[in-house]
Every structure is written in C-alpha cells, then in structure tokens.
Amino acid sequence: MATDKNTVLAIDNLTMKFGGVTAIDDLSLHVNRGEIVALIGPNGAGKTTAFNVITGVYEATSGGVSFGGSPIPKGITPDKITKLGIARTFQNIRIFGSMTVLENILVAKHMRTKQNVLTATFRLSRNEEKRVRREAEELLDDQGLLQMKDEIASSLPYGLQRHLEIARALATDPQLILLDEPAAGMNPQETQELAAFVKRIREKHGLTVFIIEHHMDLVMQISDRIYVLDFGKLIASGTPKQIQTNKRVIDAYLGSVEEDEPADIKPSALNAKKEGAVNAES
Amino acid sequence: MDYLPYLLAGVSVGGQYALIAIGYTMVYGILRLINFAHGDIFMAAGLIMIYLCTALPLAVSIPLVLLITVAIGFVIERAAYMPLREAPRMSVMISAIGVSYLIQNLALYLTGGLAKPYISIPWISDTITILGATTRRVTVITPILTILLMIALILLIKKTKIGMAMRAVSRDFDTSRLMGIRVNNVISVTFIIGSLLAAIGSVLYFTNYTAVVPTSGQMPGLKAFVAAVFGGIGSIPGAVLGAFLIGICENLIKSGGGAWTNFSDAFTFVLLIAVLLVRPTGLFAEKKIDKV
Amino acid sequence: MNNIKHRRNKKILTAVNVALLLAIYVAVFVAEQVLPQTSMLFVVLKKGSIYALIAVSMNLLNGFTGLFSLGQAGFMLIGAYVYGIFTIPEEFRQSVYQYFDGGVIHFTVPVVIALVMAGAAAAIFAALIGLPVLRLKSDYLAIATLGFAEILRALFQWKIIGPVTNGSNLLRKFPNFNDFNIKGADGKVAVYLSTLIPFIVAGICILLIVLLIRSSYGRAFRAIRDDEIAAEAMGVNLFKHKQLAFVISSFFAGVGGALLAMYQMAIQANAFTSAMTYEILLIVVIGGLGSVTGSCLGSFLFIAASEWWLRGLDGGTFLGINAPGIFRAGFRKVVFAVIIMLVVLFYRKGIMGDSEFSAKRIAERFRRIFMKRKSKIEVVENE
C-alpha cells in the first residue's frame, strides 16, 4: 500500500497466530491524519488483538505496522510505541485504581517530563513538575473531572472512569489515539455525549482516532471510514453508508446473532452480547 | 578419587528432596502458592518423631508421626490459607511466610533452642556395603521408596475420581465449583498428600543426620522447591527428576572437599537462577498469555 | 480564594509535621543524656531506626512498586561487609584477620564514605542481578532473589576470598555507634550521640526515599504496582523503572546493613538468613504495604515487642503472672509469631494501610470526632 503523506497508521499484511489459532489473517488497513476510523466486527473477530499488535503488547507473527510513514521496529516495548505518539484505552478499564485522578494523568505525563531520578528526587525540576501539573489539570478540566482530582480513581463511577482513561491517554500527547470500546456499559445519553466528545478531542488536539466499538449508532455517526473484521479477516471497508448496505457485513453479523434479528445492524443486540463477554473476562 | 559414596549419598538425599518437592509442586499446581511453610512441616515431623520415640515404640511412633504431620498440614491450610482464597496472591504468600516463622519459633520454644538428637532407627540405619562402598540401608531404600510413591501418586491423579478433581481444580476454581467439585476438600487432600510425603521424607532424611534444629527444614525446603521449579512446577515426575539431579550434583560438589562444601547449598540456587534465565517461568511450564 | 486557603492549610500542616519530627529527634537526644545507657529504650531506638530504614527500603519495592522481592538480607550482607572491610582500623587488622595474615586491604575510609560505599556496592550488585531477575513474575522473582541472598551468604564465607571477607570468621573492631559519643577531658562521655547517629542516618535515608516516592518516578512505580500493562501503555518503561526501584531499594538496604553492623559491632555472613528477610517483610506487612510511616511504626513496635515488652514471656514472669513452666526461653517469639499471623489473616492492611501518618491525618481524625459530637449534640437538641 502506498504510504502517502497523509497516512498516520498503516497495517500491512498483518498476521497474528496464537499457537494454532489465527487471530488476525493478512490484515491491511490505513488511517489518515485527522480521520476517525472505526474497526468493527463480531466478538472474537480479532479487533482488540489488532490494537494489541499496534501498541506492542503482542508481536505480530508476520507483517508489520507503520506509524507516520516509518515502520515500527519489531519487538519494541509498548512504552516506546506510546512515546512515538500512539495512545490507547482498554476494553476492560485499566486505570491506576489506588492513585488519585490527578496522579493517573501525571503518570501519563511522566515520560514527557524533562527530568531524571536525581533531579526529581531532589526537587531540582520543580518547574517541570509545575508545568506538568498545570497541563494535567487543564486536561481534567476539559473532561469535567477537575473537581474530583484528589479522589481515588477506583472510587469514581464507571462512566467517569472511562473518561479518566481517555484523559490519561490524551495526556501522553498522542497523534493517534486508539479507543477500545469506549462506550461499553454506557447508556444512550452517555453514548451521545461520548460521540460529541470524540469529535471535540479530534478538533482540539488535532488527533487521529482509531476506534473499536459495538454501539453501531455511535460508529455510524462519528466515523469517516469503517473497517469490518470477521474471524480475523477483513471483510469490508468503506464509509458508514457503504458498510450499512454491505451484504458480507450483514451476513457476518447475522451469522453470530440470533436468526430473528432484522437485517440492519441492530446496536442493542450486539451490545447485549458484548456486555456478557466483558463480564466473563474480568 | 572415589565418587561412588558421593553418588550414592546424592541419590539418597535426592529421593528425600523429591518427597518434599512433590508437596511443593502439587500445592503450587493448585493454589499457585509457594508454600514457604512446607520445609518447616518437614522439620516439625522430625521433631515429633524424636518426642514420640521417647515414650512409644518405633512401630507406633512412625505411623503416628505421619498422622500428626498430615493433621498439621491440614490445619495450616484451613487456618492460614483458606481464609485468603479471594485475597491477592501476595497476601497468601506472606501468610505462608508467617506460618513458617511461627513453626520455627514454636520449635525453638519447645526444644529450648537445643539441637535434638535424632533417634537411630534399626534396620534402615544399618550399615551395608554396595559395590565396595560402605553406606546405610536408608541410602538404598530412599530412591526405591520415592519412585514407588511417585508411581502410586501418579496413578492416583490419573485414575481416581479425586485425582480427576485435582486436575480440574488446578485448571480453574470457578468452573470446577460449578461442576460440583468441592474445591476446598480437594485442596485439603493436596495438603494432606504433601504433608504425608514430607513426613516420610523426614524420617528418611534425618536418619542421616545427628540432630534436628528449628531451622533444619529451611534448606531442604528451599532445595526441594528449586527441584520443583526445575522440573516444571506442577509436574510430579519433573519434581522428582529435579530433586534427584540436585541431590546428586550437590553431593558431587561436596566431593571437591574443603571450600566447595560451602557452595553445595549455593549451587542449588545457581541452578535455579540459570533455569529461570532460560525460561522465566521454569522449565516445561506452560506458556500463559495475559489477557489485555 | 479556596485555593489560597487550601495552600495555607497545607503549609501549616507541613510545618506541624516537621515540628513533630524535630521534637522526636530532640526527645531522643535528651533521653540519651538523661536516662541510663543500659535502658532497653536505647536498644529499641537504635535497632528500631535501623530496621525502619530497611523496612522502608523493602516497602519501596514490595509496597510501592509491587515487586515481591525477598533479597533484602543479601543486600544488607553486602552493605555490612563493605562497611566493615573498609573501616577496620589498620592497627586491628592483624588480630581480626588472624587466619588470613592481616588480610589484603590496608587502608580505611571515613565512616560516612564507607556507608555510601556500602549502599553503592549493594546497588551495583542489584543492578547486575536485576537484568535477569526482574523479568520474572511475582513468586519466581521472590524465590530468585531469595536464592541470590543465599548464594551471597555462602560466597562471603568462602575461604578463597577470606583475605577480604575473613571467611567464616567474624569481622569486628570497626567503628560503632559508641565511637560517636563525645568524650570530655576526663575521658568520660560528655555528650551521648550513639542513639542519635543511627536516627539521623536512617532519617536522612528515609527522607530521600519519601522524596523519591512523592516524585514523578514514585508515581510511575505505583502505576506499575496498580497495573503493569496500563503503565506500559502510558509510556512507563517497565524494565527501567523496576530496575530503578530495585537498585535504589538495595542501596538503602546496603546502608541499613552497614548500620546494623555498627549496632552489633560484629559481622558474620551466616547471620543474614532468609529468616531475617522474613522478619523485615513481616514488619512491612504489619505497618502496611505502601506506607512509609507504617513501616517505621512497625519497626519500632516489632523491635520493642520482641526485645523489650515481651521479654517477660521468656523470663518467667509476665504481667505479674509467674509461670516459669510456660514463660521460658522462646515463648516470647511464639506469642509474637501468633500476633503476626493474626495481623496477616485478619488485619491485612496493617497499621496504616497504604496511607501515611501525618498532622493532616490527625487533624482529619479530630475533625471527624468533633463533627460527630457536634451532630450528636444537634440531634439531642432536636429531640
């Protein structure tokens, strides 16, 4: 695939095998600067695995990922990839539960703070610490979390924890943010707010967004383009309109959903299924 | 230089380590817990034997020792580990360290800090000659008994209902519970078997030594654990194999004499660290992928 | 407005904390001049402060970074030996190293430098073994560090390096805490400093650890403890930070080992057993994993209970009950171990949980009590 200047993320012929199981089979896709691109598909299609390969949690069996035009070297650790400018959230929330809301953000700022262990211990980098704190508080303010900055993160309600996770990802100063089911467990109104929010952070931070989501109305509403995975294979890609009418996509979803389901992609049924899966995993 | 006596001693002590190692490997296989108190149970069995023998004939003491040790193992599991079933793994490990501390201090108190001379058991302590090397009968009995017990245990795990339950529980607590397995009972059985073997090992082990002190269990315990790791934790034949290897190696090192004796203990840990370097989760251990 | 008030409150609370700490140091100094030197209090204060440092260093690793390491005794051993080896005055070397012809080292360094060297040696060793060991997961890390400590114990008794370590013989006659007492012209001690010195050294070290924990690096450590995968995804280099925590913790364990040597006035590798590590771990647990003040309180309580308050349990009479049959040598430690088990089982968070003892906490406690009383009064009035 041509790596044009606009391409932020490119996945080329990526295959990921776990023992005998092929989780991702020869996947190629790309995300352009400033786009919101969604990755959808039935459960177990390999979406989160794709995220894990991009962020370096797993090492691809074959194929590769490029970011900003240059390939990400194989075997580099997730923190280095974050440093390159890719941030992520997790499907099952992974905030730092025993730390305060503000500290959660500050951890994400840690790698971009100019200091070493001595200057930090002996408080020689006070200005850096002040700068970082200010930026963190701005981020929290943006998320409406500022007044609870000193709360212990695990005591926040579920929805706010999701917001905190996004704020934390933003704190790493990313160019590209990977959101893994940010609307999971949210009610329709919260989902609407999230849609607006995702669009807003794209504008404000000049971000590119790559999102896994099961709430189809959210996906259709915010995405510029959509990729559909099924059993690790890319079965379709295109604009929301194209995807909604794509025969293979409908088949893939129907194959995994009860028979009496109508032909269009019903978010509710998919969501219900997904929630069960989340609980089983945690 | 004649290595045969060292080799024989190595095989013998290896068998004794194996009997302890099985307890470690089984408990780890089911609870994912390094039972730091296991070596101390082994030591306790030694002390109990000494105390019992002052009042009772050997034929009564030996079965009684096995019984009491089993009871101790059972009680420890119920009192110190079961309440922490849902707690983080670190808490259970700390509890195990606490139990180890308690047993050692209790032993110190009861013995008044004096080394208790171990009784000489007739027949198995007798001197015999094999291939020109003089040794005790226990040297020959140990490996044979160890292998027999190992085979019996493997049969138990492979062929019986409780064995099947053990295998299931080691895979997944919750699913086993849903299948109607009484997880706590299975865990208790594991501790009972482990303690029984440790008690047998103790009787064999201490006949080679003059006395038991409260810290007598630590080194054999740690070495047995290393054997279990070496053989792939959770695998019974692996643990036995590892134990024989460690027993033989450390005795061959001792044959170097002098300064090397210090290192026979350290060798075990060199081996452990070497193994962990090659395979961070131990040899033969299954690879687990963390879910993200 | 609120912010300014908040900041002012914070300043007041910090001042109160500092004042409290200073008061403790002054009290230690005064007590030392006034009370008889044989008082058990000084044993508790000296050993307690040393254990506090070691416990805090272990807590940095086990409580704050979530690395379950059991190598503390090994690092203390290194520290103790390095201190001893480089501070024994030349005139005593012949008698100390009597089996090794006076040893091979024939110079001494000042105590302060020796303390730093003790820490540095432990830190360097930690850096070396950190490379392989820190890749291991929880319990394997525990057993591997325990293994290294055991190897060290054997290694330091090895005859071949005896000219340096004195083999399995004692190292002694190096400067100890009593050497810091200031003597008057008559040769009698004018100012006692033997308790204040370990307090000061341990205090400085603990302060450094606290500063570290409260810095950006400390936050990264705690993030690793809470969730390794998330921490890595937020750009925290796992290995680098684990290594850092491991090395720093070992540094202070080394200094602690040197202090312990000064307190005991003799060093023997065989004393640095895994049981020693277990004791320190239990102190950390009693105090609360993830609480520095907890570790300090835990240390003093542990030492006071085991060396002083429960002594009667060993000596025949305890709390006025005379039962020499039960209260004999070793009973103290049994009772003690039972107490520890009770804490581990039923009071898992320890004394402090993962919070800190400070003026703020006391203030909040009082406020809460006060508020409760006030609301009770209101209730009464309403009735």
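Each chain carries a letter (A, B and C) given by its place in the written order, and its residues are counted from 1.
Note that a contact is a pair of C-beta atoms (placed from the backbone, for glycine too) under 8 Å apart; a residue touches a chain by one contact, two chains touch by 3 or more.
Source: prediction; values computed, not measured.
Q: By the touch criterion stated at the start, how many steps lie between chain A and chain C on the shortest route?
A: The distance in steps between these two chains is 1.
Q: Specify the chain with the shortest distance from its C-alpha centroid to the centroid of every protein C-alpha atom present.
A: C
Q: For chain B, which other chain has the most distant CA centre?
A: A
Q: How many Å are there between the centre of chain A and the centre of chain C, using C-alpha atoms for each centre?
A: Computed value for the inter-centroid distance: 43 Å.
Q: Which whole number of Å gives the spacing of the CA centres of chain B and chain C?
A: Computed from C-alpha means, the inter-chain centre distance equals 33 Å.
Q: What is the distance, in whole Å, between the centres of chain A and chain B, each centre taken as the mean of its C-alpha atoms?
A: 48
Q: Quick check on chain C: which residues sit in contact with 2+ other chains?
A: 229
Q: Hey, what residues on chain A touch two or more of the other chains?
A: Only 57, 90 qualify.
Q: Please output the residue numbers of chain B that touch at least 2 other chains, ranges allowed.
A: 292
Q: For chain A, which residues count as touching chain C in their complex?
A: Residue positions touching the partner: 55, 57, 77-80, 82-83, 87-88, 90, 94-99, 103, 106-113, 115, 117, 120-123, 129, 132, 168-169, 171-172.
Q: Looking at the complex, which residues from chain C come into contact with chain A?
A: Those in contact with chain A are residues 208, 211-212, 215-217, 219-220, 222-223, 225-227, 229-239, 244, 248, 290, 354.
Q: Spell out the part of chain B that touches chain C in their complex, as residue ranges.
A: 32-34, 79-80, 83-84, 87, 89-91, 93-95, 97-102, 104-106, 108-110, 112-113, 215, 218, 222, 225-226, 229, 258-259, 262-263, 265-266, 268-270, 272-273, 276-277, 280-282, 290, 292
Q: What part of chain C is in contact with chain B in the complex they form?
A: Listed in rising order, the residues of chain C that touch chain B are 62, 68, 132-133, 135-140, 142-144, 146-148, 150-151, 153-155, 157-160, 229, 273-275, 278-279, 281-282, 285, 289, 328-331, 333-334, 336-338, 340-341, 344-345, 348.
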